[in-house]
Amino acid sequence: MINKTVKDAEEATADIKSNAVLMLGGFGLCGIPENSIKALLKKDISGLTCISNNAGVDDFGIGLMLQKKMVKKMISSYVGENAEFERQLLSGELEVELIPQGTLAERTRAGGAGIPAFFTPAGVGTEVAEGKEMREFDGKLYILESWLKADFSLVKAWKGDTAGNLIYKGTARNFNPMMAAAGAITIAEVEELVPAGELDPNQIHTPGIYVQRIFQGKDYEKRIEKRTVRE
Amino acid sequence: MINKTVKDAEEATADIKSNAVLMLGGFGLCGIPENSIKALLKKDISGLTCISNNAGVDDFGIGLMLQKKMVKKMISSYVGENAEFERQLLSGELEVELIPQGTLAERTRAGGAGIPAFFTPAGVGTEVAEGKEMREFDGKLYILESWLKADFSLVKAWKGDTAGNLIYKGTARNFNPMMAAAGAITIAEVEELVPAGELDPNQIHTPGIYVQRIFQGKDYEKRIEKRTVRE
Amino acid sequence: MLSKIQIAQRIAKEIKNGQYINLGIGIPTLVANYIPDDLDVVLQSENGLLGIGPFPTEDNVDADLINAGKQTISMVDGSVLFSSAESFGMIRGGHVHLTILGAMEVSENGDIANWKIPGKMVKGMGGAMDLVASAENIIVAMQHCSKDGKSKLLKNCSLPITGINCVKKIVTDLAYLKVLPEGGFKLVERAPGVSVEEIRSKTEGRLVVEGDIPEMDL
Amino acid sequence: MLSKIQIAQRIAKEIKNGQYINLGIGIPTLVANYIPDDLDVVLQSENGLLGIGPFPTEDNVDADLINAGKQTISMVDGSVLFSSAESFGMIRGGHVHLTILGAMEVSENGDIANWKIPGKMVKGMGGAMDLVASAENIIVAMQHCSKDGKSKLLKNCSLPITGINCVKKIVTDLAYLKVLPEGGFKLVERAPGVSVEEIRSKTEGRLVVEGDIPEMDL
């Protein structure tokens, strides 16, 4: 079996250069590639395009990359928890493309699965549909959306093996599986890395074929945005 | 949790009528809904359209439905193991639509996922592309294919729970998950039916939302087409 | 006039046995508390969960288990986890029967605006455009008028819209209304103590009133 | 002239470390036996498995574990199972690097025909059209001529085609050839004891011969 293991986040991200297109897994702060983001923050790069459902918060996740002005453009569905983001956007330093969440998920899935374009009903009649081809199927209107791919995809899983097979936990799965498949180089960080053969082949969420580099991350903070408990 | 349990295959298939469009899971004889097929064979119905990757063999699976002349049309990727199939096809009794296997899988996935059409490279320049819209993306040609849906999907899983959540085993997964999602009524038969809550929520292949009826099957034959062992 | 909780209570009565339901942030989330015990329904969270349970106890908080509003949650027996692509496949494919969400404006032909206010920071549409383009039944929970007194039930939406011809029912602090297929808000029930005249005066779009309009039974 | 096993052996030498490979039925399946031990590669079965192992022992035969040729198989450490949609997503998405398959005809511009003979029972294309439309590298394993002596390396395919401009390399019982981007079969190696003249006489399409053509080293 092909061994995808690298030492750490620094080695995994060593060849990510300025102006690269990145996908980053996660929903809010849940399931984000904390180690890879930290490694990027140590690099002197900028002009990045980041495809991620959200943009982190001011002091965590992609928010830290925004603070360092590494990001030229965000492609997201919701970016509302971030003051620095708002400042850069209003000042014109940052470009933002907002995409319906399901369309973002499906365009990413299409990128990994070799589907260059597909029709979806999301956004028909809204500004999202402007300039896009529209067509009717069975009496309902749909717009044509194209695939999304990345130079590098940074994903986070719960467990992984040396062959790159990944298992996510809870709702930390979210965008990670599609992004893993849509990256030319996919870097997976996992909480627990085991030898190939230890994970049940029937219970793997992301087949290792999509993963080029894998490492065991460390010091996960796993911040909670809205800790809510029963009364 | 919504309980989808029915008594058996007869109850599950009771309202399947002549001229219905059916999807049947399985690859060859691996992962086919044996119990539901047996129940259909007891019914006096005909004119069925069957969407299934293969058409069984002469004396098992969909082959038995062909013997009983219940099938008007097969939509498949490969149908080569069946003498009665060949006879009916050559005599004009049976209509056959052949679809590339990946396109069959993706069209079915699209049916379940609300994507009415998508572009795929499979079949460009071949008779499969005849009459279809063709378009170039990034210098490569693709054809437009549409979704597939069914009145009833008959799927087979290894384990299931009363909420309709399914886990498949080995390569018996194949087309079953996409067909489960693409049926207006999806009937799942499982080797082991457990109460909701007993399966790990993180390890379910087909979410119960796609399944309308579930029952524990019996007397599985699991025939092997080509038993091949190490020398 | 209904409180937010009463709006949620009224909407809860629209839920049918066996439904899969997506609840938006705000009043819609409150609906979960008032679903009758004799109904078996399943709540979907579009970030990848079917079967939302109650908020966790302090000991069971798990950073890897949140809802679409980013709150920590729990699961129930029969819950299932999946990816965002699978989740929106469910939504677009019509497997989620009912979506309940808030709105800034609804038009008399069922258009909804709830994601963007010109001149204010845009946060994004999240999953709202997918949800309103997909579910067979969409119920809006909102105040009848904005804070500055303007009707939110309009002839045409003035704000950038989220989806067209999609809203089926609206429950406000004043009334329960259905959007007619041919256009127009059909008044179905009045909030206790609220007159048809008041509802009419606060509804900019075409209001259809036929016969006696009963008060809500909460 | 090469035996089927020798064709498989020659093709095996084209495999590179780290590749994910799909092997078709027939000679391509034999290739698995000759992959050098020092290479780490993964074999894909398009019915839903990455990491095909050897055929099972009698005790380990499992009806729920077959390859795309419907033979019982085994798995290896690191294997993973998935659906047909995921499987062909991998194929179309270019994640499977190399496809090795048989053919009835190949044209000098890389078209392949291998699924249908007019007048005979059509069995279907299975996954072949997806595979040839997708992989960056496609190697054909076949006899140079049909049983009745006709060349299978043609100017244009006469049979219904499976895919266009896709075949990159061909290994036959007589030769190893590359399909040139501008069209034509470039002769790279001769089978032991086979002359360039024999290959030329049995190749209907444009054969490109440059310099000395070495014999294969098997």
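Quick notes on this structure:
Each chain gets a letter, A, B, C and D, in the order it is written, and its residues are counted from 1.
Quick note on the criterion: a contact is a pair of C-beta atoms (placed from the backbone, for glycine too) under 8 Å apart; a residue touches a chain by one contact, two chains touch by 3 or more.
Worth saying up front: this structure is predicted, and the values here are computed from it rather than measured.
Of all the chains, the one whose CA centre sits at the greatest distance from that of chain A is D. The geometric centre of chain C is 55 Å away from that of chain D, both derived from CA atoms. Mean C-alpha positions place chain A and chain D at a centre distance of 36 Å. Distance from the chain B centre to the chain D centre is 29 Å, each centre being the mean of its Cα atoms. Residues of chain B found to touch two or more other chains are 106, 109, 113-115, 120-121, 169-170, 202.
Residues of chain D in contact with at least two other chains: 81-82, 85, 88-89, 91-92, 134.
If each chain is drawn as a node and touching chains are joined, the picture fits none of the line, ring, star or complete shapes.
Chains touching one another form the pairs A-B, A-C, A-D, B-C, B-D. In the complex of the two chains, the chain C residues touching chain B come out as 18, 20, 40-42, 44, 50-51, 75-82, 85-86, 88-96, 134.
Across the complex, chain B meets chain D through its residues 27-31, 53, 76-80, 86, 89-90, 96, 98, 100-106, 108-109, 120-128, 158, 169-178, 205, 222-231. Put simply, chain B touches chain A in their complex at residues 106, 110, 113-121, 135, 137-138, 140, 142, 146, 167-170, 202-203. Considering their complex, residues 45-49, 54-58, 61-73, 81-85, 87-89, 91-92, 111, 121-130, 133-134, 160-165 of chain D touch chain B.
Those residues of chain B whose C-beta lies close enough to touch chain C in the complex are 1-3, 109, 111-115, 161-163, 165, 181, 195-197, 201-202, 204, 207-210.
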